[in-house]
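Please find one structure pasted underneath; my questions will follow.
For reference, chains read A, B, C and D in written order, and residue numbers begin at 1 within each chain.
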């Protein structure tokens, strides 16, 4: 985090007031830095205009895994060292399907986890950057960067307070 | 759109979000009750017995078990399938109820998933230990080697099984863990103990609840949920192929995959019910796990038990309809009337008939009766696996090689050991991990509050 | 069958325990006290003092007497294993030879050298009898205790431990301390360390139970280079059962005498080594060679099949024996090594009437469906060709 | 450069080891012959490889110890040992009971396998289980390590001197010396004994058989004037009637009889006739279970039935008409059948009652069988003991008339009904010497123990049948400090004691003139030694006289009321001499499928009446016996095997089962192997665990053993096998049938020829290093035998039809086991073998489950070098018998029949080296090679001309569980019974 940024923090008590304030702030053209909530709220995620392609990535991981697995098994069982098992042909494709399904799922899971970890910056040993410690308990926080919020500070404060913010305060990042 | 009036209230007592956190986290901060230590002590003694049994098995050989040249699989495979079945509850709960948009699951899924992870661990021990030379278990990996390279046999259900269980263990553990990350953050941010703050802080992976985190988190949940749904079906289907792909009478049937999956969910849900009733009583989680929750699980059990009954009867019908004398012998002379009739009828009564009591609302609402029935179902499901594994093997094609199977104390000790491991695991879970998914409960808590003005028609709440 | 492998696994466990132990020392940075105490109090030389033996050893190693004008004994008669062939008899060989004999015999052997080579090297010897007696005492002791061990090389272990330490530090920094500013540095350290460690473990695991390049000291300094290389003796002259028996066979001692009845002194080794052969024949005590090529118990290899039938050159598996002074295991004898050779080797299909059975393959050959039959095509890679 | 440790011990304490090495050096070198040092340090094959490599070195040692120049290899093997290559030597097996001409396989100086000698007209390449197992007797830990006196070690010279001194004193005092031996059929040994008797006057030589043929000998003495056992030619017979003689299992010369019997019953090559077999017996014996018509009778009924048969035959043949007690069985059909097959029938009785044997002789004479199916020329000599001689010896001993007793290969303390009396009186003799090879009850009481060498360490010549000779040659130098008894006796009389030379001279004088092929004795000797046998044709001048017949008829006793106990020799253990042989102890009884114990076989109805079930305990005349409910056991009888309950035999044989010899009755001078009016009561609440390896009797109507009758078969060769066509018609497969390029090894088992004797199981055990697991584990159904013989009963449980079926790995083309192994440890070979790679196996046991034939065996424990399995493989000596060409399996891996792939590989290699195709019948598996019934045929199915290919096309051929479409490489030929319609 770049040092010495001034923030404006709006604290809300429940989801509904937060959503109203959030929507109204957006309508007024306020640039919202981040929103912290105890649980996911769809409108907020939508309103933040962030997008994630994690599902698309997962699909490609799957595609990659399927190709690799079937190819690998075909190579091992037919090309590299064909062995006779129970009078079956070397290429026992139906048997490959089972392993392919399961191993694909495994591959997707592992790769998606890493992707999530990398993209959401959630990984072991990460130092949490807490704006308001109550955000994981019962408070809903809207964070504005005072330099970039695109609106006056008092106006925002008023907007928040008018929409049910229990607190509005300033905070400096170190 | 979820209608609370069908299911009743999801959370009793008008609770604020902060109250939810506090109450769910209470066991972590509160003084550890005496019964916990007693229970843990008993579990560890059982575990020690298991460790001793494993030690004997490892040093002397599988000959210390009761298995023989005819019945080469005994308790260890029964227990493996049984535990794997129980291990289906978590994923089944989370995934199927998620797909069915059953919001009441939130109170239970954490416990169910924890149970899954511990149960799958218990299950995984059995195939490992039942190998003649467990120190060479790595032969089962298809890795490049200097033997040619010699690969594995991709036709073998045991290889599929190995893949399926490894995948299932990994996925259910990560699914469970990532579900807990926001809750760990909550503990970190609410606890007063510095040690807990540091430890839970580490496990929270720096979670703060920002929208960018939640966004990806939702994406991850979607992906994991989606593929885990496949897994719930595939894992026990694959376990069933251990039997279905073979040529043993009573095993060689196409009915097995669905039969096993349903059976697994059945036993899993029964175990969930066992645990949940305990949680409700012991940790006073009654407000979150309401009678309605128990009621809902019971209703599902009735439904599944009907499927189970149908499966049993179908199996018998197919044996007759196939005209194969070996199949007919297995079912009619060996299972229904033979020396293993007790196990067969135990299975049938406990799994297909006893759960029919849940048709009665009175029974569903009596926690003790529910608890006892859930235990019987677990027992019945164990009988089912016994019925499948042992009866088919003991009397198959050539009567000259028919043999009986009796477990030895080593096998019994091993099983008791895994029971101990399971209960110890669950006790640790009770003690150190939020028993209920806090963030998810918070999310549904709004349906209990008075602020119904946001539930105006046309106002869509279709997330999740 | 796998018992020996299991034991080797146990050995690995021992190594692992040792690693743990060592790492404990390093982490706690307690200086290691060299306490490999010589607790051999029960030596057989009861009536000789320990000091005499020590003096003998020092003399042997050239440390005594101080005004020594001639070469130390050890400079020719090596105590420990040498990579290249030292033609002179080793200290151990001398020790064993004279273990049961009295001093005068030893003295005459040292002081009145026979054979050109020995005469040349021993000619300047001016040794006090008392010194020589001590040397004899030392050698008698050596015959009992065996050669001092060279000690296992611990370079690998140190590297492994160092990497482990590096990994631990990197992880700790990554998770807790955050001292290193650029995180990718730690990540790269971590990844590289893990890869190197995995590689080391994999290499160790693969070589488990194998012994490529094994070249032990033999009881007689027999040089294949001299026999098969310089003197061009055919392999099958000595290893004559190779063509029709499973085993290639080690030649009988009397076979050696076909030549050595005349050849009594070697150009390089002098008389000492050849004398062993003669002695073995005279005393009817066979020489106990150390075996090099040890296949696992569950592998059945037939020289007849490979040498007699397939006409594979000895060198293909045993390497350029004609250039080896010390015989060495050239191939790793891994299963993959066998398998891959079977995949490439062509079968002399037409000339051996045995293969007339393989009608279908003959038809295919004639029809042009296939051009050659390789060993793998007639089942050379079946499990039960070698494992039964 | 890496440093390599030679062993773990060296790593642990290198200096210590080196010190040990130096000190032990001399000792080790002297033991190189036996390879003990190698065995200690390394595994078996390490030892062998070292041994193979250093064989030249070993041969120097061996040349001192091993009589190289004296042993001549059989067949083509050159006159030198090559490491890794086996040598074969012809020899003979006879240990006082049964005879067999054998070939000994010697690998790297160690005899490891006994095979049958096809040149012998007696055993004809077949062996019995006891012959197969006898190689293990050589490596028995219990064997005496050297001579001893009263338990103290003594040198041979000292013992000789002391005994000779005593004998001289006795001679001067006129004290009587008795040599008590088993039957001795060695002409030169008889000569040695004769010489000894000449020197040591007042010496009596008594031959003693624990289970004797005294009845036959004495009856023939009366009928023919000569005490002999006739030559039964079952191959020439059309009808065989046996009264209690288990001629396929234990009676006289079983291998010979099985060869003849099965050749007269086999229906291959479009043969349409077969022998019909009637059996009267109490217990279900091997012969009875193979009989076409079986009459369960009480032992005391036998006399009356034989008499009735005689009367019936005499009536139509106009013989001497006799009368006596009434028969309880209607034998009119039998008599008719016999009369229809005059000169083509054999009537035998296992009874020792001279009267019965006289009547049997009378019947055979009336039917004209003598000279036809019953030869008088080459009479059998393997049992010469006359019961009265032993009884007289006992009374002499009691009276103190016998001063010195030399016991040779006899154990009367254990196996004589008055064994206790013997034990008392042996101690009273002034000189008692035992020549026993291993401890036994009698030896334990003797002053001197002068151990004889094992038969594989000894020279000998034998005359099993008059005019048919064979030679034994040593194949290994004596392992212990033992000496042949012949040498000892020669030494005592001061004669030249090189026994080989003695035999050679003896043969030059006696046998050499009997042939005209060569005039060079050396050639004659070498040929005889190489062949192992030397056979001459004799003529008989014996004439039958009906002397004593009417008297016999009058003396036939009527049936006795009450329970009777029939005593029999079991097929594996026999008379109990080899009770310490773990292979034999573990071999299940062919009928009861019980190993490691004898038991009281009770009739099904009796068990039901008295609420008895298997493993209950009953008290029979004061002896506790475990109960086994035996279908086919005659009403009011109980059968118990002899040969068990040894007190002093060794770690394996001690206290297994109960000794029933005290029950043997002595009546009119002969011993009778049954007991009348037995008192039986149940011991309430007591159980005795029996190692039963097959618990289910019925085939449950499944087409497993397919049967038909001869009449049906002649009408329609497919009869009994109709379902095969149905199965083939319905066979549908997703996959193409497997294709084999060069070979496809297969096996055919003719169920008509298999008598179920179990010899194949022991042959397989010897060939393939199959481990003995002990009673407890056999009971746990974990027996390791790669080939087992399934036994099924059908029809009436009081007198059922019995079917035997050898089941080994079927080497299925579509093998269910192969598919399910996750680690690819059991794939299919290019030659149609279902392979098992032990070193790849991780032991999931899935293949064991998925094998419908249940032929896969799992190593539940470490069976080798484990004190808990203290049988053959727990000592260095016992492990010497291991076949170096077969891996010894470790704990946790699956094993099964490999179709003796090591033999296939060996012969293939030989053919390739010689640049020729493999000859028909060149490769033999251990089971097919040793089968006395020629029931198992092994060969190449890809070769359309091979015998097996033809058998696979036989109408009787079917595959076990062919409806499963496993495409086995093993075929069975339907069993045909010759029951009268």
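What we mean here is this: a contact is a pair of C-beta atoms (placed from the backbone, for glycine too) under 8 Å apart; a residue touches a chain by one contact, two chains touch by 3 or more.
For clarity, every value in this text was computed on a predicted model and none was experimentally measured.
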item: Chain pair showing more contacts of the two, B-C and B-D; value: B-D
item: Distance between the centres, which are taken as Cα means, of subunit D and subunit B, whole angstrom; value: 58
item: Whole-Å separation of chain centres (CA-atom averages), subunit C against subunit D; value: 49
item: Subunit A and subunit D: spacing of chain centres that average the CA atoms, whole Å; value: 80
item: Touching two or more other chains - residue numbers and ranges from subunit D; value: 816, 818-819, 821, 824, 827, 829-830, 840, 890, 893
item: Contacts with two or more other chains, residues of subunit B listed in rising order; value: 133, 136, 148-153, 155, 159, 202
item: Subunit C: positions in contact with at least two other chains; value: 2, 175, 339, 381
item: Arrangement of touching chains [line / ring / star / complete / other]; value: complete
item: In the complex with subunit B, residue positions of subunit A that touch it; value: 14-16, 34-42, 44-45, 48, 50, 52, 54-55, 58, 72-73, 76-77, 80-81, 83, 85-86, 88, 92, 95-96, 98-99, 101-103, 105-106, 108-110, 112-113, 116-117, 119-131, 133-138
item: Subunit D residues touching subunit B - in the complex, by the definition given at the top; value: 694-702, 704, 777, 780-783, 788, 790-792, 805, 807, 816, 818-824, 827, 840-846, 848-850, 852-854, 856-862, 890-894, 960-961, 964
item: Parts of subunit B lying in touch with subunit C, wherever the complex brings them together; value: 133, 135-136, 145-150, 202
item: For the subunit A and subunit C complex, residues of the former touching the latter; value: 81, 124-125, 127
item: Parts of subunit B lying in touch with subunit A, wherever the complex brings them together; value: 16-18, 21, 142, 148-155, 159-160, 163-164, 166-167, 170-171, 174, 178, 181-182, 185-186, 188-190, 201-202, 204-220, 222-224, 227-228, 230-231, 234-235, 238, 241, 438-440, 442-443, 446, 451, 454, 461-463
